[in-house]
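Structures follow.
Next, two complexes with subunit A in common: one pairs it with subunit B, the other with subunit C.
The block that comes next holds the complex of A and B.
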């Protein structure tokens, strides 16, 4: 059983590696977008695999809201060891998940200048969520926002 | 929808699978970025090194293990405490060289390679090379320069996974030069 902290370290290293790689190649702006999508793509595949294994024995979900609740409680706990703090919806297909103490961000110090860097760390998790949802049958677009470290919001 | 199944072991399992799957995605990405396995091996080792230099602090904080007196003690701590704490496995320490500066860690199972198979065109890929880097980085932070490499790998057909560690030298604290 791998320890939780290993994932955090690996994730940080992955993020810095992807960015270092791209920085050594040509165009900066284009690369920023590619980095995020690389990380997001990795998260996507992992999310698909994870959700499959995790829901092997579960009964099927009744509706979207049920899926979201599962995501917020069990899936989030499984990965980040806590539940999502807040779930809001407009009942028309948009959900906002808020986590006030996001594990992957607690390592990054809070401060205005780091706010720009935060999206890098969130890209992978966006992919995770998108992958999980896609394997549960939901097409989605996931974006993340950070207003106050270390809390972050995910929009689906 | 009540589930009596042990929720806590489920989440621990999921976390470990998350790590394994993430590592797999990372190796896949590296194979795409670099043309040859040698490069990927080097990158994995480098990344492992960066993780190792930070992991050692976490380890020392959580394990309250004191300074090791010699290399043998180091080997025991690595196998019985560190591996157990981080990967949940306890490799055995064997094959000590006569000079006592080299030994092998034998892993019956390697959590990193769950669900993994190496395709034929990547036969020289050392999939778990991150581990070598981690060990090298961590030990460098406690003033030991070591050489770490895989001697056997279950992914490449061997029965067990064997990591060979060789003590090179003790790293002296670098004091700033005093002369002009």
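The block that comes next holds the complex of A and C.
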């Protein structure tokens, strides 16, 4: 079915729309930063609502690790139809989520091409994760890195 | 038949998002009751720990000398608390009914949350939520 693809297209349009808006105003300097924060803000609000829906039927989480596992499995599956491939932690509050075939990046390229454009497409999902965690009671800072398309890593 | 006297909804920072009571009763007394029951809710949340991962908690108690009524609580995963006060002057309540009431509340709350015009932390002003609560209160009286 075309369902999966719909969101990918919407997301690509969202990103290009936000950037076009910004370009038609002044300041090229601030352009990058404000666009990314706008996209991240959108993701934040959506993450909050989504987590409410997804956790409706789950039992209460016992601790942070439990929350992270839920994020990697059910949450990711619900949104991107696959699970996070790798979860690492240093047991002191930092977690790394790695996805080797990130849905929103697969169509962009499958190597090193367009690497510098990648962050734009990851801003929304960073916001998504941050919103989800904040609604579960965890304050966090989420950053994303891409070294090889279409795999990406999220650092919390 | 039992009568729901009032229904409150609290956000994670413990201020009320939604308050609804049957107007003929003395509202302030019920607000007070509900606020004190929040303490009990907090206590229950903090003692879950390694015990079972039970999402719903039923709090039975707060029997006052003049009237008999019971306070029930429910906590979601995003730390939003719902409290219902019921006057059980006639027959006793069945667990399932209370659970289904909380279920409906949770569902409506989720819908409110997903509304893009709603900012988390604001008082709930959704008509759908209101009508759902009214229907519940009317149905049980």
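Everything that follows uses one rule, which is that the second predicted complex is superposed on the first by the 150 of 156 C-alpha atoms of A that agree within 3 Å, B and C clash if a C-alpha of one lies under 4 Å from a C-alpha of the other, contacts with A are read in each partner's own complex, and residues count from 1 in each chain.
One rule holds for everything that comes next: a contact is a pair of C-beta atoms (placed from the backbone, for glycine too) under 8 Å apart; a residue touches a chain by one contact, two chains touch by 3 or more.
Owing to the predicted nature of the structure, the values given are computational and were not obtained by experimental measurement.
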item	value
First, second, both or neither for A:9, with subunit B first and subunit C second	first
Touching partner for A:17 - first (subunit B), second (subunit C), both, neither	first
First, second, both or neither for A:77, with subunit B first and subunit C second	first
Subunit B versus subunit C as contact partner of A:65, first or second or both or neither	neither
Which of subunit B and subunit C A:56 touches, first, second, both or neither	second
Which of subunit B and subunit C A:137 touches, first, second, both or neither	second
Which superposed partner A:45 touches (first subunit B, second subunit C, both, neither)	both
Greater residue coverage of subunit A in the superposed arrangement, subunit B or subunit C	B
On subunit A, the residue positions that both subunit B and subunit C contact, one per complex	45, 49-50, 53, 58-59
Complex interface listing, subunit C residues touching subunit A	12, 48-50, 53-55, 75-79, 106-107, 109-110, 113-114, 116, 120
Residue ranges of subunit B in contact with subunit A within the complex	1, 3, 5, 7, 10-26, 29, 33, 43, 47, 50-51, 54-55, 58, 85-88, 111, 130
Residue numbers on subunit A that touch subunit C, as the complex places them	45, 48-53, 55-56, 58-62, 135-137
Subunit B-touching residues of subunit A, taken from the complex the two chains share	1-7, 9-11, 13-14, 16-18, 21, 38, 42-43, 45-46, 49-50, 53-54, 57-59, 74, 77-79, 81
